[in-house]
Amino acid sequence: MVEIKDLHKSFSKNNVLNGVDLNINKGGIFAVLGPNGSGKTTIIKSILGMVIPNKGSIKVFDSDIKKSSDYRHKIDYMPQIANFPSNLKVIELIKMIKDLRGATDKDQMLIETFKLEPFLNKKLGTLSGGTKQKVNIVLTFMFDSPIIILDEPTTGLDPISLIRLKELIATEKQKGKAILITSHIMSFVEEVADEIVFILEGKIYFRGSIKALQEKTKEKDFEHAIANILIENHA
Amino acid sequence: MLKILKYSFYDLMRSSWSYVYLGFYLLLGIVLLFLNNDLSKAVITLMNVIIVLVPLIGTIFGVMYYYNSKEFTELLLAQPLKRSSIFLGQYLGVAISLSMSLIIGLGLPFIAYGLFKSSAIWDFSLLLIVGVFLTFIFSALAFNIALSHENKIKGFGYAILMWLFLAIIYDGLFLMSLIIFEDYPLDKVSLIGTMLNPIDLSRTLILLKLDISALLGYTGAVFKQFFGTSFGLIISFVMLLVWVILPVFRIVFKSRKKDF
Amino acid sequence: MKIRFSIIIFIITTYFATAETKTVCEAGCDFNSIQTAVDSSESGDKIFIKAGIYNESNIVIYKKSLHISGENGTIIDTENNGYGFSVEATDIVIKNLTIKNIKISYTKEYAGILLFKSYDFVIENITVDNAFFGFLIQKSKDGIVKNNIISGQGKAEADSGNAIHLWHCENVKITNNDVRRMRDGIYLEFGNSSYIANNYSTENMRYGLHFMFSNDNTYEKNIFEANGAGVAVMFSKRIKMFNNTFKRNWGTASYGILLKEINDAELKHNVFEDNTIGINADGTNRITYFENTFKNNGYAIKVHGACYDNIYSRNNFLYNSFDLSYSGKLNSNKFENNYWSNYTGYDLNKDNIGDTPYRPVKLFSYLVNRTPESIVLLRSLFIDIIDFSEKVSPVFTPENLIDNQPLMTQVEW
């Protein structure tokens, strides 16, 4: 579904990605992990075409992403910080995205799930961080694309909404979708992820199941396993 | 692109700045006409306003809109949309809404004053056309600057500097070089110098209408051909078009290479 | 008393007794040639030329007072052979004719009608087509030239002549003529005490109207449009110029009026519109410019050196690129009570006179005089700034060249 080959990217003189190869050819939940500045977001943005790589190729469903922007119809992306045009109303934003991407009726259900009805006619600039994140979730999940990319999806969510989000992710997984998640909340990752993609110094350091990671690092606890990698490589 | 244009345009129409701009032109038009009571004089004053203020407002507005709509842009980038259409859509949204404020803001008082019955209608239309061109040129230049500078303050600084350079400093350097090299034939050089600055170019276009009597007082075949025939008018319009097209191309080019 | 009265009766009766009207036409009239008709006429006779084309040239009228007239369609085609009429006579009238195809020469001044030492003449309703010179009037006086249409085809000043050319003449009234595409529209050389009014002079290569060494003339209500220069007044005294319109005289050396070495002239109620230079004054003394309007000119007035005691008052200066260009010292010339559309002052006491003086000369006009190409910077913000600083503290422009009492509203007359 997503095929990344020898991806290089540097911002001015700062090398962020040094030859990333990543192939996702089946459904499931993939957690992209790594220390701050390891290039998680850069990989995600490269897949979305927001960052232009210096070298390497990315294919989504066997078509090179440089050629056309149409492949983004197959990706739902939830950005890290929900920055929205502040003088738009929530309902207008949803309408606009629908206008740009195509019709859907899933938004009604999602609005109900996350209790957004009272905010529909408010301007986005007036919303709290959590509410904005909920809007972000609605915008992401209202389309039925085979690939979903979630950048820190849990930020600012209250416990109920978090549960709803997990349910939502589970349902989408059932449909055989590939879901890429970055997160700093290890418990969340441990709970939902099928596979871990660990990025270190611009390369994929490890890819495999949580179990495989635990075996490799000889740590029982997932959080410690991750910490172990970091300590080994930085000490 | 049309959808982006639509949303950018609506977005701008809703922002209070558009109304400030519109209100400013309305007021200007009314003050010029009803206090002056003289259409020809108003057109001349208006020309000074248009070739100085329109570029300034286009520049500030362009930069401001670009930085303010960063979130919107990022939201759009993740959608199945071409980059060029996102930026061109936003650019056109700014340029068109500014042009509309200009045309409506100045047009209404002049129509109310009885423009259609006046002989100044051609001068006035030329002014508006030039104003629209300048809006398109300077908001495109502003977008270029903003695209090249992540830092807002820097972007604003460079944009204002660009305006200052093209509106005033350029002419100062131009005049100085003409005086220094006055022993050489300068008519071609001076015309080329004019072409290289969109503000001078617009000014020349208006001069062709308002001051043709003075312009024709100079010897030199190139001047005579330029000012005395429609050649000058055509060349000036073509160059103005080039001045719109080049920065727009750079927007497309630059936006394709940029990381967000 | 009684004797004198009877003499008058006698003269009148003999006049009527002997005056005859002779007709000329191609066939069936008294004559079929104008020249033979003239030759067989006596002083006081009338010659009527019926419609038709007469291929005649150099028709000589020598010391006979004749009244020659034609009708609509009476055409004398000289076929590039020389003059139309060549006249030396008193009390001569020529009217209602078309004369065409006058020979172009670099040595002789061929004209539709040549008058030499003629007095009490009338030239009326004559159309001269394809003229070299139209009317050449020499050493004559007390005449009327009116309602004529003269046009030429000359391409350059050298191969074209003047429409109405007066040389050593006095007291000629030139009115309601239409002169175009000649060298000069109307030219007076040593022409004194003449009156020129209601003429339309356009597309002439040199001047619409030209005075040389001609004194005490008045011209008024004429329109001079798109000539090389509107009017040139040179080496003349006491010329009155009233109610004329000078417009669209465009070009390198184009003026509404060129004043050179003239004294004691008066300009009143003239309109100068869309000229490269409205008035170009060089060596002019004691001239009053009163209630004229200068509108949309490149320069309203350009003053060169050696001008003394000129007074500019109650004129309207409207939207000119430059109101005034000035060389040399002020030389007791005065600007007062003019209306300047570029004036930005105020009038707190509401007496219609601006409270701050106006400086009509801009620094930029000096720069343009020095480096003509800098004209492309006209109306630039930078130029406005240096003009403004010059206005605040004059360095290059004469400090006392100011209108101390600029008017707040246009002068109406």
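As written, the chain order gives the labels A, B and C, with residue 1 at the start of each chain.
Everything that follows uses one rule, which is that contacts are C-beta pairs under 8 Å (C-beta built on N, C-alpha and C of every residue); 3 or more make two chains touch, one makes a residue touch a chain.
Here is each chain with its UniProt name: A = ABC transporter ATP-binding protein; B = ABC transporter permease; C = Nitrous oxide reductase family maturation protein NosD.
The structure displayed is predicted, hence computed values, not measured ones.
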Go through the assembly and pull out the chains touching chain A as well as chain C. B
Using C-alpha centroids, which chain lies at the maximum separation from chain A? C
Decide which interface, A-B or B-C, involves more C-beta pairs in contact, and give its chain pair. B-C
From the Cα centroids, identify the chain that ends up most central relative to all protein Cα atoms. B
In whole angstrom, how far does the Cα centroid of chain A sit from the Cα centroid of chain C? 89
Quick one: report the Å distance separating chain B (ABC transporter permease) from chain C, using the average Cα coordinate of each chain. 46
What's the distance between the Cα centroids of chain A and chain B (ABC transporter permease), rounded to whole Å? 43
What parts of chain C, by residue number, touch at least two of the other chains? none
Hey, what residues on chain B (ABC transporter permease) touch two or more of the other chains? none
Using the touch rule from the top, collect the residues of chain B (ABC transporter permease) that touch chain C in their complex. 38, 40-41, 44, 47-48, 51-52, 167-169, 171-172, 174-175, 178-179, 182, 186-187, 189-191, 193-194, 200, 203-204, 206-207, 210-220, 223
For chain B (ABC transporter permease), which residues are in contact with chain A within the complex? 3, 7, 11, 14-15, 69-72, 74-83, 256-260
Chain B (ABC transporter permease)-touching residues of chain A, taken from the complex the two chains share: 11, 45, 48-52, 69-73, 75, 77, 79, 83-88, 96-97, 99-101
Note: in the complex, chain C contacts chain B (ABC transporter permease) through residues 250-252, 254, 274-277, 296-299, 318-319, 321-322, 341, 367, 370-385
